[in-house]
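Below are two complexes that have chain A in common, paired first with chain B and then with chain C.
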Partner chain A sequence: MSVTFTQEQFNVKALEFLEMSEKVHDTWQKEEKENTLFLVKNYKFTFKKEPLNDADDICAIQMLSEVFLIEYHVLLHPSYKVPTIYFNAYKNDKLIDLNDIKLLFCDDYDKEKYEIYNLLSQSEHPILFRPFFMIHPCKIGEVLGKFTETRNFIITFLTLYGPSLVGLKLNNEYEKFFIKD
Partner chain B sequence: MANDREVLKVVWEGKIPAKFVIDSNDNDEVYYLNLPRISYFALCTDKVKKHFQRHIEKEDDIWFSYMDVPLKFHIPIGVIYDLLVSDNSLPWQINVHFNKFPEDILFKFPNKDVIESHFLSCLKEADFLKHKGQVICQLQKKDHKQLFLGLQNDKFDQFWAVNRRLMETTEQENGFKNLPLRCYTDDGYSYLQKLITPLTEKGQKKTLKDLLVEFSTPAKKPVGAKTHGIEVPLETELQWLSETLSYPDNFLHLCLIYE
Partner chain C sequence: MSEKKVFQYVQFKSLVHHDFWHKLSDIKLDIEKLNESDKTIFGTFTNLNAKNCLLELDCTSFNSNFKTAKNNFYCKGTLKNLNTIESFKNFNRNELLKKEGENLLRIIENGSACKNPSELISFIVLTYADLKKYNFHYSFAFTASIEPLIYEVSPSQNITDEFSENDIENFSSSYHLLDQQQAAFFIATKHLDIILLQNALDVNQRDMNLKDHNLDSTYFCFSDPSEFPYAAWILRNFILLLVKLCPILHGKSIKILSVRRDEKSSLLLSKLFFIQLPNKIDLDPINMKWTGWERNDQGKLLPKLANMSNSMDPIKIAEHFSMLNLKLMKWRLLPNLNLDVIKKQKCLLFGAGTLGCAIARSLLSWGVENITFIDYGNVSHSNPVRQSLFTHSDAMQNKFKATAASERLIEILPSVKTSGHVLQIPMPGHQVGESMRDKTIENIENIIKLIQEHDVLFLLTDSRESRWLPTMLGVYYEKTVITSALGFDSYLVMRHGAKEKETFQMTGEKIEEIPGLKCIPGNKLGCYFCNDVTAPGNYYPY
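== the complex of A and B ==
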């Protein structure tokens, strides 16, 4: 069963998530435009990878221990009506392109693993109308449909998609809000 | 649908004569192109680049602007013209730039594959709204390719042979589930997007007039809408509008007119 959410449902869960974020000293912020709420987090990411033996991969070697700034936005997609992540990554204030993003988030340089990056695409931010990268939302509804018991679907979504795809990790302390008294 | 073939053809053949000038004081070279309204600037950069090649000092990304506003690569050309050129002057004078690419405003389209994948992602989103994505899933990879090639090479029959299936509705449905549409406000490129059904709760066909009500706010009330350079009559049915006047990305792009 595929699920969808209304903007009102999203707004309520986003506020609940922000409360939790504050309690565990995470840095999520709220942005709002005409009753449309979205969540923002800026994250400094130090890219540290073991040097590769593969001398062909010059690009990857150059990226060793560099600092990236990643801007994550979590919002309800206006057509698919599921939460998704929009993000941009900057190196020295310059936007980095999709190829570098693959290198940044991929655990190894196994070409087959790149397949999952077909899930990422360039897309205009539907609230700010600026270019962003987006996790393509077409399967998210189906995946979240398997977790209908969850207390907060935004957290479920972030746990499922954040760490594995776009380097967005949630603090383990969020767990404590899910343990029943 | 069959009777509307002529309308589809006229929409497909809409052109805007454009005059490209290079953004520098000591150069008065110009280049003229007849731009298809339904196409994208991303698909004509090669021609323009080739023409101005000898003026490029260093290889950087090409981009265009009109009256200091960068022209978006991923929005159909006709939509940009209707949004930005208020006096309808022709030829459309476009500035060509080879440096200071405004990456906070424009997407980079380094090659045709990236444009194609963006185009397909729009079709996918539109079909999700119309048929829960079920029709686009049934199409094969070669059909997807045919849609893009039809657009890129300006082949009406090639495009519509496949697009016809994306525009179909069954008799029981009596229209799409939701209509893929974007309503541009009079604030630059910003637009509104909502779930809009083709029928009212009582099962009557909605018209453009009903749509304008749905996009009204206490502060701003649209009184009309423009697409493909024409003002659409208020009594036009939305389902017909979607089937006939959508751009190749399967979205209706309506520029709202305010009082």
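== the complex of A and C ==
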């Protein structure tokens, strides 16, 4: 059975998720526009670190490196009414395009993994109106329909889609909110 | 004795989020316009699961009442947005840096740095926004004084080497209760009890500062955004403050605690550095040298460039998204589809009528970038309902179809390269009078020139004979030719045959045999005319 959610349901669960996030020192933030709430997290990692000395200033080390930044937005898709992930990825100050996204999320050039393009798309962010990549929401309702007993459908969604598809990992400590007394 | 090792700091790396540039261009267009005066902005850094040694700017950097996320620290910076690339290139960067440096000295001297230690971190962003090309040129500087030079006494250690678990745990809970501004720099004693700078140091009685402290169990702490073995740049300014305000430390060895948190916010990643301050320190403001301009990603002292056209330029966005559908189709359904080949084909359409309009739109949707029309007619009132590139107003103005169609393509997709040529195609059986002779020769020359410039010819005119000349020229210049014709109850689409040498040299691949499908190789195809039984002639009179 496929499920859908209202913006009000999403807002309540998003706030609950934020509270948990804070408790486990995760860095999710809240953004809000006209009663539409969405969750934001920036994830960074560094590549190729090469220290460089400065001839004019012997105390200075410049680290030649590539910084990757992925901004994840979790929001309720305005027409599908299911949570989905919008994201953009940057290398230093450059936006990474859809062709290179696979290099970011697929460890090896595994052909089969290119199937992520069956699920990823790019479209305008429904709240910010800027181009973002997104997990296409067409099957999300169906998948979440199998987990109707969850306490927080946003967490269920994130654990199902985040790690395998777009490198978004939830720290194990979130478990502790789900263990029954 | 071995030579003393200079203690090194790792410089901040600026990370500017794209929404910063969106905001900057909004502010420039709507508020600041040509105003070049300094603007205060905010940057953030964190020591929680720190990556690299980053100072980040985003759209909130412009907020006047800046609030940062719970685990982040913020610092104030100066933004100078210049109006021309020349003023950006020639700007006296050292003077600006010196000004910031002097300001840093002032806040150390007057005690405001002790009250609000995060003010010790300051930065400069020099920008030039080329809003036509959506290019943002920028240089960052993280203000620091070259002096004092300090030395490493012994290799760094982990926090657990010096302190008990219990001490660290207590320290962690009081550290997490600290105000963000105070947590940037502070002092800790033997069991890691925290003393705020404002309580430890008095700018008016410098000789007394830290007099009662046993330096062996005094830890100068800072929240360290570096993930590297080196201490972050910001420690430089803390050292400067210490030598300014605590003469007692000159020549002494001191312990630095670099507070670093892992993703669970535990402080176990924290490091201890053991350094020695010099004996004689020249701190005369006149002699002080300031440093901190950031190098680009290649390690050169040059500005960085953020090109934002992909997310700001509406024309680029349209181009990008129209290609996106094709890419998704390729990825999902036809992995062997070579979109680039299609995209690069330059298409010449003979006829901008029902077929010409429809094919031009199809070509657009397949990502073709070059579309040229040849047509001699004007938009008539019967056209707009069938010919999808025209409107009623085109008919009212009696526009040429070729030019109207190409103008409309640009309205649909501004990045398309298109033109319309109002040309009559000479036809067999249609006599050319003496008065039209020169004009006709000129037309032929123009048609030849256009055919040479294109890769694919589409024959979409409303008569048989007008396809004759382009067919012949298409064979002669070895172009791909596609004929399409539409009748009330019939239609025809065919590709003209190509010469043998071309077909096989170009592909070199064997044609795959599909059972039940009869496939005629391209070199064995005829053209529109050799597949017909009558020769072209003037059929208008009948």
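The definition used in the following text is that the second predicted complex is superposed on the first by the 160 of 181 C-alpha atoms of A that agree within 3 Å, B and C clash if a C-alpha of one lies under 4 Å from a C-alpha of the other, contacts with A are read in each partner's own complex, and residues count from 1 in each chain.
One rule holds for everything that comes next: contacts are C-beta pairs under 8 Å (C-beta built on N, C-alpha and C of every residue); 3 or more make two chains touch, one makes a residue touch a chain.
Since this is a predicted model, take the numbers as computed values, not measurements.
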| item | value |
| --- | --- |
| Broader residue contact with chain A after superposition on the shared chain, chain B or chain C | C |
| First, second, both or neither for A:L95, with chain B first and chain C second | both |
| First (chain B), second (chain C), both or neither touched by A:L15 | neither |
| Contacts of A:P126 with chain B and chain C, given as first, second, both or neither | first |
| Partner chain(s) touched by A:Y80 [first = chain B, second = chain C, both, neither] | first |
| Partner chain(s) touched by A:C138 [first = chain B, second = chain C, both, neither] | first |
| Touching both chain C and chain B, counted on chain A across the two superposed complexes | 94-95, 97, 121-122, 130-131 |
| Complex interface listing, chain A residues touching chain B | 78-81, 94-95, 97, 121-124, 126, 129-131, 136, 138 |
| Chain A-touching residues of chain C, taken from the complex the two chains share | 6-11, 13, 15-18, 22, 48, 51-54, 69-71, 146, 149-150, 227-228, 230, 233, 236, 263-265, 291, 295, 297-299, 304-307, 310-311, 317, 320-321, 324, 327-328, 331-332 |
| Chain C partner contacts - residues on chain A that touch it in the complex | 22, 24-25, 27, 29, 42, 44-46, 49, 51-52, 56-67, 69, 71, 88, 90, 92-95, 97-99, 114, 117-118, 121-122, 130-131, 171, 173 |
| Residues of chain B defined as touching chain A within the complex | 74, 103-108, 110, 114, 117-118, 121, 124-125, 128-129, 133, 180, 188-191, 193-195 |
